[in-house]
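Same chain, two partners: subunit A is paired with subunit B first, then with subunit C.
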Partner chain A sequence: MSITKISILGALASLSVIVGCSGKKFDGPKKEGSILGTENSTSSSTPGSPVIAVTVDNRPIEAVLCQDGPKVVANAKKSDFTGLFALICNGDNTSQLFKDAIVGAYQGQGEPQVKLIKSTSDDNYNTDIVFIQALKAPLANPSMFADLKPHDIFASGIHEINSDLVINVESRASFPGKRAVEQIGLKYSLTNANGAAIFDQRRTEFNTYLLVENNRDIVVSTEHLLDPETNINYHIANGLTIGLKAENGESYMVFLTELVIKNRIDPDRMKVTLLNLNAGVSKMLYKHISANAPR
Partner chain B sequence: MKTFQSCTLRLGLLLTFGIMVSHCQKKSTSPASEDTESSLSKEVIADAPSDAASTAVDYPKLYCQNLGKLKLRADISQEAAFFCKGDKPSADFLKFRSQALQQVNGNFELSLLQAEHDPESDQSEFLIAWSFHVPIRPFEVKARPIYQYVSQGFTTETLDLKSLAVPRDSDPLDSGLHLWSVDMNYELSIKGTQGLTLNSQRKTQYNLYQVQSGNEEMGFGLEHLVDLNNPHYKTSTMLNVSFNDGGGYNDGKGGTVVVTLLHFVLNNQGFPATATRSIQDIAKHIADGMYQGLKQ
Partner chain C sequence: MGTQILAALGLAWLIPAALFGQTNLLPAKSTLAVTPANFCLGMKNVAAITKQSFTEEANLLCANQAPTALFTTLINSAYQGTGTPTLTTVLVQETPATLTTQLTVAYAMKVNKDPVKVLLGEEKHVSSSYSQDPLSISAKFMAPPVNSGDADTAFVVQQKTSVKAQVSFDDTSIHDLKLYQLYTYNFDFFLAVRTLTAPTEQFKKSVVLRAIFQDPANQNQSYAVTILNFVMNNRDQHDRTVDAFTKFIQSDFMTLYQEQSK
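Up next is the complex of A and B:
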């Protein structure tokens, strides 16, 4: 059946986002697809100025993200995340897309906003999807996010509107090198895509970095596909998760995901599936953090 | 010539990194020979807290003339170069001796001589040195369990060091100048976040030597890494150079100058500032432990 389509998941967990990686960039013929997500972006911020009034290393925290983030991540040589950083940074400042995500961050009320910012398909059934979402939760600093082991909550599955995804933690290592505080091996298994039973699996590696060595107020996580050359479902599954300290004992978590899905003839089903599952991820994470974060 | 006697020195650091050393030459010289005395060391000895009349022995030079003759269990050519240039003492060696002789009540400081970080390999290299003067004789310094002084547990807000020293009682010594051998085991945890720690382990061997047969006024301690495939430490070496403060020669006179060098080459896991701070904290802990054990 329709085993077709689908794709993947997304971001999961947040944490990092997913995305794949691979060294191989998909660049087949593309045509614009429909934009499905809840694209309600909120543009209440002033262009060019930071939206978070926190400084790190005597710099606005958003400047630290855009100045140091690409360097720290590139030095780890896990995958190419320059395209994702280009979406959230304009030079030393964050982009309007990023600011809008911050302003619209899910805070436990209503439905999380998952914005689909790219959706293209080609005649070879490859689909390239990029989306962003954010939440604001009661974490004194974002490095506590790793301490709460957020990935563990997805082992029981994410079940959201006729879609089911299970994420299992297969490995975990503290301080694996290159300024990473934690490295987690993950296995995704998407079994139900908006009502269609499918086989869709991938293994990824999720690494969390401190951008400023002795500062816990800004962290960046990357996620990349471990088998981009042989995975039958994905060309790329890359993710960036940005953790930023906010005011009043809270932190923002921004999840940016890029998936290049292969061999799915029903891309719209996959988009719906991913958007729904990622909204579910935001809700689960917010609930987990709220219940377990140290006060 | 050569009979044994005591030695001095000691200790090592543990921590890990390594040290190295160079050789010093092997020319044998009578301890009482006037030609072994450099003008620089005469000046230093003149400041010594002991009998100024016994300035006949140039201990730094005598040390360098004999260190290279010791049969050691590790190559310390890199670290030894810190103390000796051929059979002559280096300027650093003489400087640290002078600092020890001028200290009052153990008021010594550690010197971070090298802290280099390679971001490509996540590798850091540290050289740390210090010196102090104690009133007990070199012979007694060698007789004390320095390995216990440097293997005491150490806990701060950011790190937890557990150490274990086990004498190798069944291990034959290498020569008449080899006084003891101890297995050292270290487990270090550095707090990264509230829930994540950077853990490392290392095994070293700590050996103590008398430097010259028949001379109880000099001692040499060497700690070196024994688990050569250690993923965290490439080098963990400590040299302890101890010798009479200038006040005597086999006559029961004089205190002891102890100069220690630590050399570590380690994987900083991308956290060079944290590694630097932790290594300095641990070196200070070792130095304080040594001084407290030897100060009286």
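Up next is the complex of A and C:
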């Protein structure tokens, strides 16, 4: 199994159009938006118990995610992802939000479920948006996805409903240090935001980690903004992509994205745009995997 | 020292995020005084990035980066929903050699909305149609243009202009509608400009420039000051052309006021 294969997973997270965690939260009065908590979410899963019957390192794979994930990611010191891990983990167990995402993972039929977890704006037009989505793809383990170079399909653009986003890979390095197996530099250009041409670009870095050495059944990728000091529209653009082996030769990929957008006067447009594009990402990825995954 | 120990123990994930260098703060709210003078100073920031041509119209409001007498007069007489709204005629000029008419007018309104909401109303206003014998005007959005940083938001609008009279015609024109923020991280001063992408049979020039800024006395109110400048084929019907398009502008003024008052 090559390192390259693993790194691609990371690109997936970025493709999901953002993830992120909390750096500095704006503390101004919230005048619109809502936080869609996990309290009211529903699923067929039993609270507290894993929904994926796979073990890694003699532990449930979801326990490995919540026990090791925050530590491995934090040790890399790329950004603060504790806020995103807090959304998907309750102690050593995955949260109901995570379980619901797994249960509702897109499998090529109908529309992908992109859940808006948070959407708040303050009176200085700073908007914090958090999404989660998942897909279940025909891959024996999540690292196999690397060979499919999924990030490449986004260079030609993601078009969904009335929005367009182009993501280009600007750099790629294997074993860049800090336990990462691959590092990818990405450039996002949002060329059409629900019918409007806005100037919206950002550069991010995508890093992929194995949580258990030499084990390809669980992979975590992070994404963070490279230019927060100079980017006039993004304060945070963090992402967390979780790749988990499922049963029956399939794998789950869960994408968590947090964007703190600044200096944008139309948060509703951004929300609609990102929801649409994230759904488009899931559809493109699933189609790409289905057509190209090894049988 | 504490963080070093945590890191040495493999517990770096317990170190606060701020210690990883995430110390950048969100920008503070702008404290720039809301004055026509600062609007005019901000116009240089738009001039530095725009690809649209509207110098002639901008100069009617701001000359040498300072408010003109016209700008001040328009602000002081801004329509607020009572009485009859008035247009200020800047120029009506016939050029017989080219059978064209230049019509340049201005108006202002004061509405109970903050400037951001007024600016966002520009997009909604595009679909407002007009029909009053003999002139009909309607518009729709086309695919958005490439935005290379030359505006904050950009649209392409296709306008259908139709006249049914002794001389009847239909005209299709394409316009750029671009929205500008005059100062970064400031939400008190904006500019909306609609320009013709290429001359048509009817329109040789068509510019609608709208200055939008907060009322200094009330942060929930805004001024919208508009300059319209058309150079049109008059088909040797100068007076009728002026009359028909003046009625359109007057009606559009009221339509916009009603939209912005919702």
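By our rule, the second predicted complex is superposed on the first by the 256 of 295 C-alpha atoms of A that agree within 3 Å, B and C clash if a C-alpha of one lies under 4 Å from a C-alpha of the other, contacts with A are read in each partner's own complex, and residues count from 1 in each chain.
As a convention for this text, a residue touches a chain if its C-beta (ideal position, glycine included) is under 8 Å from a C-beta of that chain, and two chains touch if they have at least 3 such contacts.
Bear in mind the structure is a predicted one, so any value in this text is a computation, not a measurement.
Undergrad: Just subunit B (first), just subunit C (second), both, or neither: which does A:213 touch?
TA: After superposing on A, A:213 lies in contact with subunit B but is clear of subunit C.
Undergrad: Once the shared chain is lined up, is A:262 touching subunit B (first), subunit C (second), both, or neither of them?
TA: A:262: touches subunit C, not subunit B.
Undergrad: Between subunit B (first) and subunit C (second), which does A:181 come into contact with in this model arrangement: first, second, both, or neither?
TA: After superposing on A, A:181 lies in contact with subunit B but is clear of subunit C.
Undergrad: Per the contact definition in the header, classify A:57: touching subunit B only (first), subunit C only (second), both, or neither.
TA: In the superposition, A:57 contacts neither subunit B nor subunit C.
Undergrad: Does subunit B (first) or subunit C (second) touch A:294, or do both, or does neither?
TA: first
Undergrad: Which partner does A:75 reach: the first (subunit B), the second (subunit C), both, or neither?
TA: In the superposed model, A:75 contacts both subunit B and subunit C.
Undergrad: Between subunit B and subunit C, whom does A:199 touch in the aligned arrangement: first, second, both, or neither?
TA: Second partner only, subunit C.
Undergrad: With both complexes superposed on chain A, which partner does A:227 reach: first (subunit B), second (subunit C), both or neither?
TA: Neither partner.
Undergrad: Per the overlay, which chain contacts more subunit A residues, subunit B or subunit C?
TA: The partner making contact with more of subunit A's residues is C.
Undergrad: Now for A:143: first (subunit B), second (subunit C), both, or neither, which partner does it touch?
TA: First partner only, subunit B.
Undergrad: Report, in rising order, the residues of subunit A that make contact with subunit B in one complex and with subunit C in the other.
TA: Correct list for subunit A: 75.
Undergrad: With touch defined as at the start, can you tell me which subunit C residues reach subunit A in the complex?
TA: Contact set of subunit C toward subunit A: 7, 10-15, 17, 20, 22-29, 116, 119-120, 123, 141, 143-155, 181, 184-185, 187.
Undergrad: Over in the complex, which subunit A residues touch subunit B? Could you list them?
TA: 75, 143-144, 146-149, 174-182, 209-210, 213-214, 216, 294
Undergrad: Going by the contact rule at the top, pick out the subunit B residues touching subunit A in the complex.
TA: 119, 122, 192-199, 267, 269-274
Undergrad: Quick check: in the complex, which residue numbers of subunit A touch subunit C?
TA: Against subunit C, subunit A makes touches at 22-24, 26, 70-71, 73-75, 77-80, 82, 123-126, 191-192, 195-199, 228-229, 232, 235, 260, 262-263, 265-266.
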